[in-house]
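We just call them A, B, C and D in the order they show up, numbering each chain from 1.
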């Protein structure tokens, strides 16, 4: 339990992180659906201090999203049922992507769709309109809040693999599959994504949950169930990352309840190459920058030269490994 | 959002609740593993004001449980990896059950085992030594913290059904199957339990999670992963109850993060016949009594005569039902 | 504005309890104090350093004075209960000002009629100040459950009403206003409305009936307050955005005040 | 004891800051004040009304006086940080007294040697009082990082040591005690030990070396403090409970103090 006694370095620690052939200036990205398309938060957050921005899921056509109520606070977390409200890929490539191109940070375009073809068409349209800092795509097969939002892919290993293989043909940029935690084990999904040529997986999207208005005896979300996010799900997310890490060598993007640099370090140690900050942005729009700065301080205090030294550094005793933990 | 304007009754509301042919004086039970065998908490809690006590899981032989560390606090919740530490069924029937027989409340004996035969043998030994207030059995097929603790049953619909059918032959008392939330959907499990003749299902056991000591880069629990409980999991538990409720007519015992009477009411509305209070007992050993009292106040304030009026009273708009929510 | 100064820890310099559960908190925040226009709001953390409750809560800016701003809080749930117990010297984490001001420049009215229900008074003091300083006549119809619940500072030309008859007109401020509109005693009015949903709905109907412009300041549950969560929409009928024929507008970005005729309430 | 009076909201009547992050809180709780025996502890909620942090934190009873009891808290994590900021007049939710007292009646010693590291002092004031009132000679070896961190109230026959040499012996209290044991100047001693794990381990070894009885007051993470969560065990080697050859003992129920020779530390 004692703090590392390594020498405290005066050299700035190196935060650069890598997935495939893409280098991020630090391992802290902001999560899809929690940072808009960048413009919304720029008055509150110095975007260029982020490792990257994952944009709100876009589909082929614009979507207005679900009827209110869309959010409910829960203990140390929140439920949402936004329903993939988005401007559609045409507006995305015409307005949002060019705007994002101005910032010195990496952009990952998150895509949600209801068929193989739609996923491919959206990806290809973005690919045709790619800007220089577009690092790649995150494929949302895990939104619990729309009935045609991909979760039918996300809960089937076969369809996940097929979709990954299909999209792999359309881009040389990063192809990241964002998995749902709402399955018995994420291990076969991680393996399927690796087989089909994905560059990474993201874990986790939100956990299915609900809340009840006890006075009206109605669900508090218009769609009955929604997705839980925030600190409440952090232990669950870490276990999912661990499950995937044991089963596959594919790079992992850790997500779920990250508020502080210490939270981020947990995800890195368990095996994430980079992490994403989601719900925390709603509380502090500069949450990602806070995490990145905190990470730098942590590395300095612990005498760690490169953030990559943390990645996948979890020590698990041999007898536990042998016993299957 | 407005409070019910029904007349505030001066007659005491009726809290009696029922599963099968067993009547509980109120719908508030304490959950297995969070109240010992009754004796431990009796100085802090007026046990006879509880609807019932579900005892710590017992197995055939005593188990010492997992090596420390066994618990970690998490945001609005905790992780545990107790590892089914228990006195074994022989001590249970010799010492614990006779002690519990003295209280005017229902007892449900929770059983954990690693084989069909062990489950049956434990149940039959208790059956042979049954006391009058023994209402039945809760079968733990969902402990995530021991490798042979039943989760191999709990994640297989077939084995759950087979086990339920087997145990059904050995008792006419309540047979309750305690399901894990760590599956893609609990619906087929609920259906399997119903088919095989269970009287009820309990939902949820803990959610798999983990936490990392970032200074030592070690898991904070000795078994790496453990189970998350407490308010953090309440929205997840409610969604699981809803999932089971839609799929089956079997009575449900709602569990997960219940701290207040309002939490309990959410579970009743979604479709639980009775509920269990778990982690809250660690904070307030009389948490169950607080919930039962709060429930009575709630019913009175809302002018509800019988607590059973709340059960399964969730109003879901027809178009949502049609769309599969 | 730089990203740093739009969210700041602000020391509470004064706490006043107007009635049980109705409290004003004044805090040092030059940015909010100097840049807020009537109708804007701030998003405040219930308790600094705690993860539960986790989300900020929105409050209209009630008053500004030098480098200090003030909010008025009605305790009605977990977060507001905690906030009303804030003590002088404590820190508030304040994000803002957010949202858009009341539209006082629409030119389609001569008299501003402020229609207030309960803690809907929160943005009305600054609105009064703005209107008075531009020499716009103001009439204020302010209803509360009981006379102890009025927060009258900085309001003008008051017509009070209470549900329990303890002060002013015994009944709703809608009924009171209706009688004056029927008399035609208010020259070319525009309604500026904030209060409970029922009152807003009635105000919308009243405005339609008398064909007068009406602006509603709406409240919805908010996570971020800055347009990134998409959690706070109201339903409008003003455009066919896609096949559903519905359009949602974000209260935090496009509101909180909207022209009443377009809002489905 | 009825179920009701073992857990109670207790008003804080006095808060003293001994050093930054080292605070005593005195609170009104007749039950704890009248029934605690030296070595017992209370389990305290970090903040009443909040779900996060959710679990209570255990603290030895530091002092009792009339109807009031006192704890001493070293800030070192989330819960203790919150608790050290408790103000006079605030309410603490206190469950206790819990656990077992120090075993002062074992009859196998003449001199009680209190070996204290840092905030391990917490149970030593009451222990001193108990021993002194039974005319047992007491020698107290108290080590801290620096002289500002001593809480000396109610202790007796002090041998102080500091890590930084700012007061007393420059070095560990174990080294200081060893030299006295080697001199044989303490008649038939028994060690009563509370401090950081490293110190406890050294104390156990020292006691074994000099063949003197030794009792350790242990700290483990606790959820309930009353034996219902099974979360707080230490490993012992005293019995073969089953095939593993290990036995776990619950610190809250069977401790917090244990005979050193049986504890695997």
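Note that a residue touches a chain if its C-beta (ideal position, glycine included) is under 8 Å from a C-beta of that chain, and two chains touch if they have at least 3 such contacts.
Since we're looking at a predicted model, the values are computed, not measured.
Chains touching both subunit C and subunit D: A, B. The chain with its Cα centroid farthest from the Cα centroid of subunit B is C. Our note on geometry: subunit A versus subunit D, Cα centroid distance of 45 Å, whole angstroms. Computed from the mean C-alpha positions, the centre of subunit A lies at a distance of 36 Å from the centre of subunit C.
Residue numbers of subunit C whose C-beta contacts span two or more other chains: 51-52. Touching of two or more other chains is recorded for residues 75-77, 230-231 of subunit B. Judged by the touch criterion defined above, the protein chains are all mutually in contact, each touching every other. Listing the residues of subunit A that touch subunit C in their complex gives 33-36, 40-46, 56, 61-65, 67-73, 75-78, 80, 82, 85, 230-231, 259, 279, 281-286, 289. Against subunit C, in their complex, subunit B makes its touches with residues 75-76, 231. The touching residues of subunit C, when paired with subunit B in their complex, are 51-52.
Residues of subunit C touching subunit D in their complex: 47, 49-52, 82. For subunit C in complex with subunit A, the residues that touch the partner chain are 1, 3, 6-7, 45, 51-56, 95, 220-224, 226-235, 241-242, 244, 246-248, 253.
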